[in-house]
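Labels run A, B, C and D following the written order; every chain starts at residue 1.
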Amino acid sequence: MYRTEDLSARTEELIRAGRLFFERGWVPATAGNFSARLDENHLVITASGRHKGELDADGFLVMGQGGEVLSPGRKPSAETGLHLQLYRHEPSIGSVLHTHSRGSTLLSRLSPGGVVLEGYEVLKALPGVETHETRLEVPVFPNDQDIPRLAARVEEYMREHPGLPGYLIEGHGLYTWGRTVADARRHIEAFEFLFECELEMRRLKR
Amino acid sequence: MYRTEDLSARTEELIRAGRLFFERGWVPATAGNFSARLDENHLVITASGRHKGELDADGFLVMGQGGEVLSPGRKPSAETGLHLQLYRHEPSIGSVLHTHSRGSTLLSRLSPGGVVLEGYEVLKALPGVETHETRLEVPVFPNDQDIPRLAARVEEYMREHPGLPGYLIEGHGLYTWGRTVADARRHIEAFEFLFECELEMRRLKR
Amino acid sequence: MYRTEDLSARTEELIRAGRLFFERGWVPATAGNFSARLDENHLVITASGRHKGELDADGFLVMGQGGEVLSPGRKPSAETGLHLQLYRHEPSIGSVLHTHSRGSTLLSRLSPGGVVLEGYEVLKALPGVETHETRLEVPVFPNDQDIPRLAARVEEYMREHPGLPGYLIEGHGLYTWGRTVADARRHIEAFEFLFECELEMRRLKR
Amino acid sequence: MYRTEDLSARTEELIRAGRLFFERGWVPATAGNFSARLDENHLVITASGRHKGELDADGFLVMGQGGEVLSPGRKPSAETGLHLQLYRHEPSIGSVLHTHSRGSTLLSRLSPGGVVLEGYEVLKALPGVETHETRLEVPVFPNDQDIPRLAARVEEYMREHPGLPGYLIEGHGLYTWGRTVADARRHIEAFEFLFECELEMRRLKR
């Protein structure tokens, strides 16, 4: 069974990530979802409909990796299935963060076939990238209210593309992850920066 | 008669909304107006000419739904009539918020015939929207210093378009509402995000 | 002679204005200058080379309206002469604020013949504007390291254009004023918002 | 030997600079590096992989000017060699700051031959600039994972261009410096402002 102090520590880290993301405009209204692994079978995840810039411990629930709610009376977000897919897919994933920024919304709509990022030093903040000479392709999945179907598509893609650091959903936002909340947060920051740069490049180069 | 604790609670919520909106740049100078319902006949509303990022309890007044000022010596904003129209139109409205952002100013001038929003996941933060496949038309009313005439136009439009979640005034800003201050604030956040995305799309697609 | 409590109060208001303007990016590096009238013959003004986002009382000096420094050992900003011109020109001016934003820098370079603002509701935040149907022409003066010469040009223009609420210096920034620091700050907010809108309109309409 | 109080004071100044730069979006993920001179032979510099918006004293290490680590167990950043080159090149340099903003990333990619800045009043915030009529050329070095090679290129360029106030690395960011941390920070603010203006000018003038 997971430790209570891990639940408190992860919850606090996710609350702080939410505050930061909200200040940046990356989780408007009640958009976004955050989670962290507690042990091999449990995770803590934001409840449905909470404002991500003003979370407190009541805004979270504990869940088994199979999807069973262990915090009575709390309703998981509709997108929980996308988090569960990642934790099941890769045991080293310790946190999953989903933002809903202007950059990820627009870029995913402008490039529904996938977003290519290259020539940016900040790519090195992403796992598995050792040099700015990398060419990273971020897949864009069509938005879908049927979350199990969307999760299955992501699973299939990830099997074919090991080491993927994140993906976009069209008109919807970014999912990324890491070993710890701090790692996942760093990946969010790197992707959002890259998306902003890429949008600006398109404006300037048209 | 309304309860004093409701007046304090609603005032505090509106003060916090003002601080947030000001940080975002959505209520420059003394722009914007905020109100909340106290009971079926009363509301609290920002007084004329106050800075919306630095409100305190003195920046508000209590008003009857017919427009009578119940806080002696305080002057209601010129746009109070637009708030009263909404509370009279729909008893379930508990709060009305008006912002004056760059996005709403520009988009309302560029699309005086109405702004169409579609394909955005965040549309689901608005009432009555269940899927991102929605097509939402936000009406734009011509700006008018004659507030009763403008309120009458809004009333007419809302009768013909039940379930409308918000509207724009040309070169002026956004009005939206909700059952609670938190709901109305979420709708402001969603609309402002959508307007920013829409402006950016137009820049990139021209 | 001016009252010590007025000096403290005005200084505190200017410190807070500086913090706000810095957060907005309107006074980068040590750009900007702020002042307030203490009585008919005295004013308090920011000293040379101070960072405007981190001012304290040591960052100001008291000055006679003729330009004589009354705070021994403190060096007035090179642009002090532009503040003095305004206080001499119009006794009802109680505060002068100068920002150096991206919007004012760019717009003044793109429209060296003057910036026309019309159709914006927020124009009503400026003195003498009663309706959004106003057409306001903001003059742009060529940048000049010879401050007395620049001040003389401003004086001449203001005599020919009574009621002017503010002006731009090319590639340099905005000067505006008001009866109180709060009024002048409101005018800064309104102008900066209008400049941002106007730049965006040009981007979108090209 | 350097004084302990200087180490504390410089570290505190760099921590505050990091917080500010992070709020502005200039050091996303763990990007950026900051250092300050402690005496003629020693400097304090950010350790590898730290988040620059949330630094504490543990995020720094003391180093000899020859590159020897004097804080056991701490790993210097890969880019330390670029800081050392500057301290060795010019004894009056007391602080070196490196940011990784959207503006510096994009402008360095769009103008790999060098960025020319002219006609901006804020140029006067940079050392050696007395008038806005200056024409400043900021060199752009190709990004290179081989830091000694990159440092040698910078050294060569600086010998040929005495008085250089800063440089860009393509797709990577800005290096600037000053006599004190406050000076270097002012130069960062001035450059970042200028880069944002310059990008916007290109958008508007295309």
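Descriptive notes on the structure:
Everything that follows uses one rule, which is that contacts are C-beta pairs under 8 Å (C-beta built on N, C-alpha and C of every residue); 3 or more make two chains touch, one makes a residue touch a chain.
These are the chains along with the protein names UniProt gives them: A, B, C, D = Methylthioribulose-1-phosphate dehydratase.
Because the structure is a prediction, the values reported are computed rather than measured.
Counting the residue numbers used at the interface between chain B and chain C, under half appear in both copies, so the two copies meet with largely different residues.
If each chain is reduced to the centroid of its CA atoms, chain A and chain C end up 45 Å from each other.
Averaged C-alpha coordinates give centres for chain A and chain B that are 31 Å from one another. Annotation for chain D: residues 203 touch two or more other chains. The touch graph of these protein chains is a ring, one cycle where each chain has exactly two neighbours. Working note: touching chain pairs come out as A-B, A-D, B-C, C-D. By the touch criterion given at the top, residues 24, 119-122, 125, 131-132, 182, 186-187, 189-190, 192-193, 196-197, 200-201, 203-204 of chain C touch chain B in their complex.
The residues of chain C lying in touch with chain D in their complex are 25, 28-31, 51, 100, 102, 105-106, 109-110, 143, 145, 169-173, 199, 202-203, 206.
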